[in-house]
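Presented sequentially are two complexes of chain A, the first with chain B as partner and the second with chain C.
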Partner chain A sequence: MSRPWPLLAGSLALCIGLPLALAGAPFAAYIVTGAFLQLLFAAGMNLLSGYTGITPLSFAGITGISAYLCVGLVMRAGWSFWAAWPVATLVAAFVGVLLGLPALRLRGFYFVLSSLVVQTVLTLAFTAFASLTNGDTGISQIPPPSSPFVAGGTLGGTGLDLLIALVGWAGVVISWRLAGSGFGRRLVAVREDPELAETLGVDVVFCKLAAFFISSLYAAAGGPLMAVFVGFISPRSFDLLASLNIWLMVAFGGQGSIAGPLIGTLILAPLPSFLLGYYQVKDIIYGLLIITVTVAMPGGIHGWISNRMRPRLP
Partner chain B sequence: MDSETILVGVSILTTGLLLGAIFSLAASGVTIVYGSIWLPNASNGQFFLIAPLIAWLLVTSFGLSTPAAAGLALILAVPFSYFLEATLIRRFYDVPNRNIAYFMVTLGLTQVFAGLLNITFGQWSDQFSLPPVLGGISWIGPFPMQNNRLLVLCLAITLLVALFSLMRYHRFGRALRAVFQNREAAALRGVDVRAVYRTSFLLGTLMIFAAGLLYGMALSFDLTLAWNMAVTVFAIMIVGGPGSVLGAVVVGMMFGFTQAVVSAFATPTIASFAYLGAMLGVLLLKPDGLFTR
Partner chain C sequence: MTALLEARGLSRRYGGVHALRDLTVTQHRGEALGMIGPNGSGKSSFVNAVTGNIRLDTGSVIFDGTVISGRPPHVAMRAGLTRGYQAVRVFATRPVADNLILAGLPHHSDADRLLHDADVADILAWLDLAPLLERLAGALTLFEQRRLELAMRLLAKPKLIMLDEPVGGLSPVEVRAMMVLLRELRARCDIFIIEHTMHVIRALADRVIVMVGGEKIADAPPEEVLRDRRVIEQYLGVSDA
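After this line comes the complex of A and B, so read on.
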């Protein structure tokens, strides 16, 4: 895009204005902030799944590592959230790179399967090491972060909503800049044909690892935010279904584009809030959508629309 | 050795045999489907669970006997598999890298089935079990074994033997193995590849249903069984080598005994860790599995 500034300024204004406007409507604010959080996750998933062509089903596990680590540092070691958040994010992102190493060896289905194994092991570990994670019961009453402006105050309600909206916005903007850069085009080259990319001088190993690191940063940065926003974490919040649902938002909207995950998240993220108490119905709907997207619309909504708008040869 | 140690040892041995035979049966079903269609069925655990749940429903609501209910549930595998084949599976037969698409589709199916079972069977009961077909205990030499479990074990082994004979001696089995080895060459030699795909999906579904029914006849179960089985069966398939029935049986037996030993002395979670570790190790070191030629 030649002149991105109006779009950037407009979306930024929306991200600041929306939480402020909804300050008096807690339920609506909850839905909107939840959507911003999912937007961050979807942007990170899109970098790997859409641009690099690697589907990491261990995505939510990275989020979980970061969330548990941050909550542990805050509630047990007495750290400030503002110190624990970046530390937990960096640690979890490095773990994400380690867990991505199989992608250097395994192709296609075999990597997806290995990431499913990793995700399952992580969920089992969150349950099994109950002394650190409180097992299946989960950790509740997670305190909100301290206010960076008022000494002794806490950042809750609209303040926290604003923070998450800004982080979500920054995540999408950064992924957009990355996708348009030379690095983003190298990722696409790796996706399309790794051997050819290698002969063209693309460092495939570096590209894959860098994509894993950046994508894991997204997954990890959202974990602590999710913990303080919801106030509760349990192994269920970071299981295979969570990973699959993030993938669904990306694939439903359209992988490998910036608008696609935006569309997918805006449609799917609010859905669970309207089905409160019927979360199994949500599972069924999401499952059916996964099947529909895979069978009928591999390009997602975005791919379908841009197919329609492309001028056709007579 | 005192008598208590012997009793624990014998119970591990019989449980290991039983679980091993059932795992082998289910894993053979999944591995046949992967070997021919390239369909890694992530929802095999749900298939495995649905079969005994149907039998349980038939027993509790319609008063059928366990063998009749199990037989009916097994027959239901035919329309079930035909429906899935016609609506979903068939669409991808000609797609080159279809295993990823299939994997995603079956993960979606898993989510749908899990939701459906939760709002139906999950509301009706926490724990399910089928009334035993046979009562009493037999002594095999000095070892006691429940007649019911002995029957299930015999049935499982009979089915495995039948599968091996089918694969080795029957026309269909030979066509199936030809497709495993080389699709194009098999087609050139006059094998109807699509018909083999269809039949192998049916055969695989029947095997998983049979394994689930045998499990339900021998042991009590709950809805978490589906996910545990899915992980276990996938691990068996990968370690044994996708497409290798021999690998599925050998590794299935090994995993069955592992499960029996671990559940006697520790929590089953450790067994899951062991399976997943084995699967990851094989994926990284020898992605074709241990038993592929």
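After this line comes the complex of A and C, so read on.
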């Protein structure tokens, strides 16, 4: 993109304007802010699954580690949210890199399987260490962050909506800058053919680990935000289905493009809110979508559209 | 002449099979080195071992003053050593232009202007790739893919390029065209060529190493090697002369 500034300014205005406009409509604001949070997750997942070709089904587990850690620091150790958030994010991102180490040896489907096991173990750990996580009951009545502007005040409602919208926007913008950079193109080379990439001078090990770190930062940064936004966390918030849902938004929209996860999130993130009374139906719809995407639309909506716009090859 | 590549005492075993057995190879600057031998004699294993694609049991490799043995392939590459593959290796699902951009990444900071770089344009013109930029690499003919592979490697301005049967699978007309290109390639960088046809090696290499069972049985200019009884027996079959 040669002149990105109008688009950047426009989208920033939208991210600020939308929460403000919905200040009087809590339900709509809840859906929109939830979508912004998913946008952040989708952008992070896309860097790994779309650009690097590594699909981490342990993604939501990283979010969980960060969320539990931040909530623990705030509610037990009395930290300020603003100190606990970055600390929890960094710690969880490093854990994400450790959990990504198998990707140096396992390719494609085999890494997906190993990350599925990691995710399952993390979910079990969230349940098992009940003294820290309150087990299946979860932790409720998580206090909102203190207000950075008013002494003694709290950042709730529209203020928190704004914060999450801005973080989501920044996440997408950063992923767009990364994807267009030399680093982003190296990731694509690693995805297409790791051995060839190495022969061409790409440090494949470094690229994979860096991609894991950045993607885990996304997963981890969203955890504490999710905790204070919903006010409640439990192992179910960070289970395999949560990871799959994020992957689905990326894959349904179109992996390996910036527009893809945006499209996928816009369509899928609000869906559960419209199906509140039919919770099981949501999982069936998601399941059908996963099958449709993998079988019929490997490029997602974005890939499907751009395929039709491109002239056919001879 | 000084040594550009010094591989000493390379060994690699797979179970009971010696892919490489105490193999020592030196290539001098400005020299075109060839390697011949029957299938399974360790030619490709040698290239894989030098570039770091397979691990060595013993031995050391020094390229242009840098120890590259025991390091990943990108280290060899950054020292100026690159390679082609016996089965041509390009990013098949991407257009030719993307392939060049991905290949040029570690060496050009501005990927978008890469294709307009004078050096790059010169390589593309030489290999007649300019008309193919929009085509998918996987849809090219083998000869076109080999030229693309060559261009991708040359973007790094290597000092040595190791080619594994660069004329393999080409039609007779293409073989002749490729041999012209390979002779011209010597003006750009030094070459190491694996072949199992003697006439290609004779036309391109200043010196030939003959491999059998992971070992070097001869190391001399092509004319001398062809007179070597052991080579004739082992590689060309026992002659009736």
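Just so we're on the same page, the second predicted complex is superposed on the first by the 311 of 314 C-alpha atoms of A that agree within 3 Å, B and C clash if a C-alpha of one lies under 4 Å from a C-alpha of the other, contacts with A are read in each partner's own complex, and residues count from 1 in each chain.
Operating definition for what follows: a residue touches a chain if its C-beta (ideal position, glycine included) is under 8 Å from a C-beta of that chain, and two chains touch if they have at least 3 such contacts.
The structure displayed is predicted, hence computed values, not measured ones.
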Which superposed partner A:R185 touches (first chain B, second chain C, both, neither): second
Which superposed partner A:D193 touches (first chain B, second chain C, both, neither): second
Touching partner for A:T55 - first (chain B), second (chain C), both, neither: first
Which of chain B and chain C A:T294 touches, first, second, both or neither: first
Which partner reaches more residues of chain A (counting touched residues only), chain B or chain C: B
Contacts of A:Y110 with chain B and chain C, given as first, second, both or neither: first
First, second, both or neither for A:V121, with chain B first and chain C second: first
First, second, both or neither for A:D203, with chain B first and chain C second: second
Of all residues in chain A, those that touch chain C in their complex: 182, 185-186, 188-189, 192-193, 195-205, 313-314
Interfacial residue positions of chain A with respect to chain B in the complex: 55, 102, 105-106, 108-110, 112-114, 116-118, 120-121, 124, 127-128, 241, 244, 280-284, 286-291, 294-295
In the complex, chain B residues that touch chain A: 40, 42, 88, 91, 97, 99-101, 103-105, 107-116, 118-119, 231, 234, 238, 269, 272-273, 276-277, 279-280, 283-284, 287
Chain C - residues contacting chain A, complex: 51, 53, 72-74, 77-78, 82-83, 85, 89-91, 93-94, 101-103, 105-107, 109, 111, 135-136, 139, 152-153, 156
